[in-house]
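Following are the structures in question.
Here come two complexes built around subunit A, the first alongside subunit B, the second alongside subunit C.
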Partner chain A sequence: MSRPAWLPRLWPLLPSFVALLLTSLLLLAFGASPPLAFGAIWEGAFGNQDRLLTTVAFWIPLMLSSLGLLISFRAGLWNIGIEGQFILGAIGASWVALSLQLPAPLQISLQMLAAMAAGALWAGLAGVLKRWGVHEIFGGLALNNLAIILTNYLIAGPWQPPEGGSFRGTAPFHADALLPLVGATRFSVVALGLALLAFGLVVLALRNSAWGLRLKALGRNPRSALLLGVSSRRETLLAMAFCGALAGLGGAVRVLSWFDSLRQSISGGIGYLALMVVILAAFRLLWTPLVAFFFAAVLSGSVVLQLRTQLHSSLGNILTGVLVLLVLLFGNLDSLRAWWAEWRAGRRRS
Partner chain B sequence: MFKMKVSFVSAVLLTLALLLAACAPAGSGAQPPAAGDDSLVIGLVLVGPRNDRGWSQAHYEGGQFVEANLAGLQVIVFESLNPADKPEATLAGVVADMVAQGAQLIITTSDEFEEDTTTVAASHPDVVFINVSGDDALTGEAPPNLGNIMGRMEDMKAIAGCAAALNTQTGHLGYLGPLVNHETVRLTASAYLGARHCYETYRGEDPDTLQFDVTWIGFWFNIPGVTLDPTEVANNFFDTGVDVLLSGIDTTEAIDVAGQRAAADEAVLAVPYDYLHACDSSPAFCLGVPFFSWGPAYLAAAESVARGQWEQSWAWYGANWDALTDPAQTTVGWVDGEGLQGQAAADLHDFIAKLASGEVDLWAGPIVLSDGTVYVPAGQSATDEQIWYLPSLLQGMGESR
Partner chain C sequence: MRVELEKISKSFGPVQANRAISLAFEPGLIYGLLGENGAGKSTLMKILSGYQPADSGRILLDGAPQRFRSPLDALAAGVGMLYQDPLDLPPFTVLENYLLGRRGGLAIPRRRAAGELRELGARYGFEVHPHERIEDLSLGERQQLELLRLLSGGARLLILDEPTTGISAAQKELLFNSLRSLARDEGKTLILVSHKLDEVQELCNRAYVLRKGELAGEAELPCPNKRLVGLMFGQLPSRPARPRPEAGPPRLELRGAAVRSPRLRTQPTDLQVGAGEVLGLAGLEGSGQELLLRACAGLLPLAAGELYLSGVPQRRLDYLTARQLGVHYLAAGRLEEGLVSGMTLSEHMALVNPNGLFVDRAASKAQAAERIRQYQVVARPRSRVEELSGGNQQRFLFGLLPPDAQLILAEHPTRGLDLRSSDWIWGQLDERRKQGAAIVFLSAELDEILERSDRIAVFFAGRLSRVLPAGETSVDELGHLIGGGA
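On to the complex of A and B.
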């Protein structure tokens, strides 16, 4: 049973195609025309310069978080706490924004550093908890909730706007604290630069560094990695912190460009979305930015989809959800073949 | 073998997809409106889902009312615009597309959108914007194409508080509050003032013995993991001696939980909020509902925009006391629920009549804030501005978040 080399490479396109088909059927069931709907998504994501820039602006924090997850997944860690690390980054940046008033370049750099430190610290906590026997999934979830509680406390308490405490958010930051934006969009060139820089760094770390190799060893088999002299404690903490720093940077971009203040629900699930991105990209370095961009485009486009079709507002989420589900179920050709062979063997026996 | 199957499956799927694409009727789904005709397009931005049986649904139906009453008018709705449900959407983006679809009037229906509406309105000077519940047109922060609309829900909340006080057996009322801002503070305080008045006047009890506890959940509606869970808060109220629960949030948890507990033979009642039909989930245990009906106000705004005569204003629409139950004639109203019976119903209607005639003024001093400061001294009555900007809850109210 030989198979051409292109098959496994192109295989993931098939579940994507099926997902498209399923959502088309769904649209028809709602009484909407699929070409019109997908056209609306396309227009919403890329229709004009502002929309394209908005899509990119949403993509940047998602991309930063996804890049971080590549590192933690490489070390075999399920860093579900990324959502909280993202929020802590937003809090870190807000803290500097609210307490200092420096020239813009210095101010923004400090905010970014504070965000990365806060994110790394929060991720480090999950790493420390893991050493104490709390699996990073549970520790991470708990820390996510804590991050939300901390945000609510800050915006309703010490950082409440002068007009009085509400749960909505802080007062807008001063102008030098905010990233310069292009036109009327939320797109910032600085944020894009940072995202591209981060991508380069992650590529270097994973492909060309001894550290990347150690992470890989750790991720594949912690016990033999230990025998090879890889300290699982140290690498676990480092991988978590690296991921947390990138997620924290994403949170900073979110408060300093998408919003102009620390708000309730600052992330809205971007961390969880990044988990889906990385899983869908099968943990591959070059696919990750593309898949993240695909997610950003579909979600961004679904705004116009809702406006044009007046259909249920979660159609964009349904599309991405169906896609991830199908790729997870059928995306891996080898495991699918193994399953198929097993099933046939079982039938022959009975 | 395997390869053959794969290509077979792909071929089938491809054919299916092509068929689907080709057969899809061109007219299905909503079409963007033809540009260039004279019909008015309104954009309506909701913070929650259009079918929340509360705040957002009341706005959605207000839009439908305008559509039904103004020929050739189309309403484009965007629902659930909030960072938890739609992290990818911004008000600016939504508005830009509404304008591209020809919207000449855009109504943003939450205090959540107040700040962004002001910014966005400035970048679309040819479009009329209305932010519901905001005050930027009053304070002068709004550009000339942005106005505000709100209903005087305070009177209806006083009726709600009165209905609760007339029916409590335990003398302990609960208030399911959303987040803390001027609007929610003055509405909650109004309910308390109505409750005190009726507890004293009709039941002959000492109003200082009436316990009135407020819990702020943290947002207009439940966001799992972010806000307090209103279902849990409602249950907690009933567990701690509250027997009538008033809702101040956008959604129906108060009446839902009361219905469940009442079905288990507990003597509990609720007063939901916002939406004319909010009692429907448990009508027998509903004392009534103070509702918003945005249709008349939206229709007036749409007509003035269509005639080209819209002018900026900060409009705080009072109740039409002669048509308090008719959503076509009043911006705020009250309808009795099945749970309101006998003497309590008679007393409540007496109270409503006295509010309408001005015989009862709940905002007559002394009005004392929760920290003990006298806000309105005895012998004076609070001005509209004092009511609008009430800085905190009142003395005698319990508060937790």
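On to the complex of A and C.
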């Protein structure tokens, strides 16, 4: 049986539709009207210019982290530690912001570089641990926790605001350290430019560079890659560091535009969210920004949902979570068809 | 229990692993099932033990046709298989493993089962401590437990897959004594899958020999080893010796080199291979030649001794360094170790011939097209490697070898290839040899080793037992030597 070529490409639409259906049922169970709720999310994400820009502002760090994961997944690495790398980026940027006072362009560039270096370092640590036999998932999880503890220590200790610690964050950074924002939103043109630039670079690296090809070989078959002359040690570290740098940049954008200081739970789970984005996009380059944007819209739109319908804003999280679960469950068309065939065969037997 | 296999056939893709094999096993006897790697013995035994279904053919137990859906099914019918790696769960205790796979209620009769287990152990002469953890036991002890589990599950036919690999001599003695008493006193049917001729001779009453998926013959044991080797490898036409070139300066030298694996530790080995020379490694599978070949490429570390490449000592050699020195390794599994599934021929070219920071697609496509023409690969530059047949994959792998290769190490260079492809591959290797490369290969085909090597290194039980010029030996002598003869 042949199937049209466009069918697998549109495949993510089916789980999306089922996820929408399941979420609607959930809403009905709570006595809410699905059209009203989804309308509120739409309104919250795109209702006016400020809301649209807020959605984009949320999208930028998510997008940067997802781009990093495209690199590490290509090399066959499960970089769960991305959350910690994001946090370390935020810490790196905050360190420069709190300790230097330079003209804005220089100050911001330095902050970004420090963030990328910190993220790359944290990721590199997971890479080195992997060489010593600690799988990157476990090493990454441990490093994520360490990153959170480090944040809390800095906020409560050395970087405590002068008026006394509230344990919630550092004092706001000085004006030259912060990214210039548009109007009353948290949207920064500079950050958007960086995200688009990063996207271009990642596409170039994965599609056209010799390095991208080595990562692909490594990710698909490390044993063959070795025999073809690919150094798994070197490329693993590089892929991790590259991913960590992008996540770190995301963390910098987060502290320098979404917030104005280093705070507790600075990432808001964006690193884990990025993992879901990339899995949902089936590791495809061009799907990733779109899926990330969808996530950003649903999550930032859910704020209005809460204001308008008294439903908790975690509905957005439920929707995205169910979606990823369904995509993983169905996997791809072929496994679904295999499942279907087996089910029918089972019925015939009994 | 009388066991019959009737015309069992099984294919994996294009490879026919078993071709209409019919065998009969009588109760109270111990059978040896012999054959080189790839002869089809594991496939056949997995079918008999319910691990996988046959494509066609029947299994009869005491005359009644059977259909097994799982190993548990087979065990219920009386067929138990002891795998080379015992199927137990290391973190569990001996008792817990014994209870696994039992059908029964929710309550686990621990105390009664422990008593049962001790009793069983005593009956077969094994010492059993029900509360020890599996991970603290030796391979031999785990095997004994697995055997007890199968026997208590009602196995009347026992299949043992290479049971003596990795266990001590004392454990082997114990195992063989128990097996003899199982056959003699309890009338069980036993099948020993092995390629260790002396063990089969020692233990078994009769041997079946498989070759290339078919029954090559049977023999009452004991019989001369030569006869079994003849059945395993086939009768070979004698070929005229080709002129032997003078070997050039040494490309590879081993001094007291030893390699360790969980199953085997090779004896210290001295070996030298010169430029323009072809050295064939002969030996039954698992005799140590595979480990040593890998160590020469830096794919395994040396446990002792020294390795020289073109006269330069190498400490802690790794494959990437070796590659830069012109050493290239061709593994037996082409898609497992060699080519990357999902990547095209052009991408492979770009990977081994990087041309700056970016991939020059036009150039790598042209290179791939060039190799396709030169190495007669049936494919296109944008074909993915997994779409190619085995022969074409092997040709393309040769196309990826750089022209300045100094030392080519190959596992089974022509395994699974037809005659034309094999000849072509050896033509290529001969070209490389003339250009000054040294070639070391191992093969399960004695005639390939005899015909293609200048010298032959014979391995037995982890030891390099003899190095002899290919022109001065015969299939008979070689067969005798790899079977452990002096």
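Basically, the second predicted complex is superposed on the first by the 337 of 350 C-alpha atoms of A that agree within 3 Å, B and C clash if a C-alpha of one lies under 4 Å from a C-alpha of the other, contacts with A are read in each partner's own complex, and residues count from 1 in each chain.
Quick note on the criterion: a residue touches a chain if its C-beta (ideal position, glycine included) is under 8 Å from a C-beta of that chain, and two chains touch if they have at least 3 such contacts.
Because the structure is predicted, anything quoted here is derived from the model rather than measured.
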Classify the contacts of A:Ile60 with the two partner chains as first (subunit B alone), second (subunit C alone), both, or neither.
neither
What is the contact status of A:Ala37 with respect to subunit B (first) and subunit C (second): first, second, both, or neither?
first
Touching A:Leu129 in the superposition: subunit B (first), subunit C (second), both, neither?
neither
Considering only touches as defined above, state whether A:Arg168 meets subunit B (first), subunit C (second), both or neither.
first
Figure out whether A:Leu215 sits in contact with subunit B (first) or subunit C (second), or with both, or with neither.
neither
According to the stated criteria, A:Gly268 is in contact with first (subunit B), second (subunit C), both, or neither; which is it?
first
According to the contact criterion defined above, which of subunit B and subunit C contacts more residues of subunit A?
B
Within their complex, state which residues of subunit B touch subunit A.
1-3, 6, 9-10, 13-14, 16-17, 20-21, 24-32, 49, 76-80, 82-90, 92-94, 96-98, 101, 111-112, 115, 123, 179-182, 216, 218-219, 223, 225-227, 391, 401
Name, in rising order, each residue of subunit A that touches subunit B in their complex.
1, 3-4, 7, 14, 17-18, 20-21, 24-25, 27-28, 30-37, 44, 50-51, 54, 58, 144-145, 148, 152, 156, 164-168, 172, 184-186, 258-259, 263-270, 296, 299-300, 302-304, 306-311, 313, 316, 337, 340
Complex contact set, residues of subunit C against subunit A
319-320, 323, 329, 331, 335-343, 347-348, 350-352, 354-359, 400
In the complex with subunit C, residue positions of subunit A that touch it:
208-214, 216-217, 220-221, 223-231
